[in-house]
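Heads up, the next two complexes both have chain A, just with different partners, chain B and then chain C.
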Partner chain A sequence: MSTMSLLAKTSKVLLETCYKNISTKYTPLRFHGFFNSPFLEDVQIKARYEVTKSPEDWKYVERILPPLTVPELPQREVFISDFKPQGENHKHKPYYIARTRNHMIPVYLKIKQRGVKKLSYIRKIQGDIWLLQKELEKFLQPMSKAPLRMQVNEFAGTIIMNGDYVNAIKHWLKENDY
Partner chain B sequence: MGSSAADKALNLLRYLPRVCLANIRDNPGAVKKSRRGRGQHGGDYHGDGNKGSGQRQNFMRLGYETGNNPFYLRFPWEPYYKGHHLRRQYPPLSLEQLQLFVETNRVDASKPIDLVSIMNTGLYQIFPDKHQFGVHLTDEGADLFKCKVNIEVQWASELVIASVEKAGGTITTAYYDQHSLQAMINTKKFFERGIPIPRRMMPPPDAIEYYSDPCKRGYLADPEEISKERLVLSQKYGYVLPNIEKDKDYTLLTERKDPRQIFHGLHPGWVVNLKDKTILKPQNEDLKEYYAS
Partner chain C sequence: MSISPIFSSKMFHRFICHFRQALPTRTLSSTAPETSPVEPNKNVIIEPRQLKFLPKYKEPCQVWVENLDTIDENKLGIIELHPDIFAVNPRIDIIQQNAKWQKLYRYVSYAHTKSRFEVRGGGKKPWPQKGLGRARHGSIRSPLFKGGGVIHGPKSPNPHFYMLPYYVRVNGLTSMLSIKLAQDDLHVVNDIEIPSDEPQYIKELIKSRNWGPSVLIIDEVDMMPRNITAATDEIQHVNLMPVYGLNVYSMLKHDTLVLTRAAVDLIEDKLLTALHRNSTFSYTKKFVLNQV
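For the complex of A and B:
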């Protein structure tokens, strides 16, 4: 019996202390994310290290950092790849097609209906879009038996046409210095 | 003997069985019996339709042939593509594209070209978490390729090696593990994390043969064997091998990384601080030993 009473006594004390602590001091804390975790401050780094500021080493760091903008086109006489930079003197032409920020011609192929429907898509057209449409039709119509279907969006400056004529259009635009 | 409720409860607990997996009961509502509510949607047919096969026929499981040896079990299993989802992938980059990158100034050919400089163009992507391990330089545009480059790729065919060497350049195939690739795909982001540059791991057993083969221009191959194979390949494809020893860009063309190194000129273990433009180099002996090649 004495052990029983001792146990009861100690458990009573334990319960009281627990109750006290639970009611007043315990606040549940759960860091379940990056943003509501406390900030790591004053980290003790045990490893010894040397802080260097050598321009020789920094040259290699700068070499591998990604450039913030697209590089300028270099002055080059011959391009072995099929790239051709845009010509000048477009001021007096009735329409203009700007290059993309990557210096490329904004003509794309859009494949829809799980590869069934192919659309050629020209962007960034300024000026007389209807004249461009006529000239393109004159160039592309011999390649197709059916009449070409073209959708001209004057407001957005785009022409969408049925069929894959991307390489032909790019070739024609390069020939005309765009 | 105590008389309070707490003491009585504690006393009782001593004689009760311990709580264990065998005697606990599920939470209320944890087990839900699948019931077909008779009047759920106004008493309709519960998706079985009206009359006929839908309601009465037993639809057998897919492939079951009423006791026949089923078709899908009739033939022995031939796992041609076993483990294909675990194989290393190398997204392609053609020689034509590389030529375009060089000509439009997206890649600087006056420096050694590696995965970092190709990723920095923003025109090529790899995802190491999708088992993509780097560039596969493909032979499209091999006949027109005319750039003198020192390029390091992860996979290249014989024709690609020949066309790069014919143009006066050098090519190396090198392996990078996934942690190194993660550091290489966006160096700025990696340096901002403030962690040391990892050391490059050795290739896995099934790749070590490729990367130590002089015919494949592996980075672990003997350089003398490689120069011999350069000559052999030029004779096979019938071109005059340009002499890079007498080239004015000899230092550029022969710049190579250490097998443990992932960035040119930066040692593994260094921490790059982009804000203060400083580099922290470890001094501990154990760290030096760990990062040494």
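For the complex of A and C:
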């Protein structure tokens, strides 16, 4: 048998198997995964619909679509919740805490050891992190009998605190316009 | 006035800026003394770029746009780069995580040992339990014996695949790009068209511009111009890569990173979208194998 005819035969077999696979309807398979899942088919829509191409209508479609990136904060005097946007004029302050991409204060609570260990995290700190630590300590120390334990990571710009002080820190930061 | 092909001439006249002799240093508290305006150098143009998501208190960083079509460096203008991509805190810990991950996810260990039950023989009790004055043993393939099995030895194949969290990968790229820029190892070129397809041309160009021996050239698309592909084909330490292949390991491995103007735009756009993504669920959820 010549190579050409062999090629033609194999390609025919390949085509047939492909068509066979395409025509199979989706049925739930046991232990199914990537390799034995059926090929994707075009969905047959039986409902009647009209195709329009008008930028006027597309405006309403775009309104429904979720934005790809987080939108900018709306300019409001007062927000309904207790959300407070970051204040201005932090340029000449010794340290700065940036908001997250969702415009929130980057302070978090991490619970470890099944609720035994509670850690408060402050992230995104720029500038003099040691001064921030001192000021925080001054504010938070009256809440605790034991001396506060703080871990300052200057390189990563984070402070980790032993104990749940998240709301207190957020309150303090909001007071200071961060 | 020399006009480069990448900027439109209208923008040129509008944005002729005073050339500051040194690139301005960025500090949180601006204590740098005000320099008196030097006489404007009209050949240097700061190209206007719309930087999205500009942070409040960081200024964009400036880089020269160079050319590749002559061996000697020809500065075509200055562009501004986004500080959240090219001037972030150089987190070498994150870079280490990325480099380690890139080495490991494709590594499969083929080290293999046999246990006492896989080694051939050893079914018979070597000598009676009692009466010989020797230690009691049940098999000559016991791990105590020479030529016996291995306890908890390596088994083949052992894949070391794992997935690094999405934002560790994103921050790895931004940290690495920032380090390259800070160490003066990042260069922006207008395009990668060169006049000759000789490897000697690229070698001389790298030597005259004091780029490191190894150079990684990044373009927007993966179909590069013929001359540069032919010229760099033989040189093993000069490599071309499309933007979608940009990774921490390659940037670490090469001394100099050369980005085209279009690549800068694309990298910035992709990383900024990643950093400000609205819905991160599908990116930060647990990695699943065999996903269609």
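The rule is short, and it goes like this: the second predicted complex is superposed on the first by the 122 of 178 C-alpha atoms of A that agree within 3 Å, B and C clash if a C-alpha of one lies under 4 Å from a C-alpha of the other, contacts with A are read in each partner's own complex, and residues count from 1 in each chain.
In this text, contacts are C-beta pairs under 8 Å (C-beta built on N, C-alpha and C of every residue); 3 or more make two chains touch, one makes a residue touch a chain.
These figures come from a predicted structure and were not determined experimentally.
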| item | value |
| --- | --- |
| Partner chain(s) touched by A:S37 [first = chain B, second = chain C, both, neither] | second |
| Chain B versus chain C, judged by how many residues of chain A each one touches | B |
| Chain B versus chain C as contact partner of A:R101, first or second or both or neither | second |
| Contacts of A:K91 with chain B and chain C, given as first, second, both or neither | second |
| Partner chain in contact with A:G127 - chain B first, chain C second, else both or neither | second |
| First, second, both or neither for A:P66, with chain B first and chain C second | both |
| First, second, both or neither for A:A156, with chain B first and chain C second | second |
| Shared chain A contacts, counted only where both chain B and chain C touch the same residue | 66-67, 70-71 |
| Partner chain A, residues of chain B touching it in the complex | 1-2, 4, 6-7, 10-11, 96, 99-100, 103-106, 111, 116-117, 119-120, 122-123, 141, 144-146, 186-188, 191, 263-266, 271-272, 274, 277-284, 287 |
| Chain A - residues contacting chain C, complex | 33-34, 37, 66-71, 90-92, 94, 96, 98, 101, 126-127, 155-157 |
| Parts of chain C lying in touch with chain A, wherever the complex brings them together | 28-30, 53, 55-57, 89, 91, 93, 272-273, 275-279, 290-292 |
| Contacting residues of chain A [partner chain B, same complex] | 1, 4-5, 7-9, 11-12, 15, 47-54, 57-61, 63-67, 70-74, 76, 79-81, 83, 102-103 |
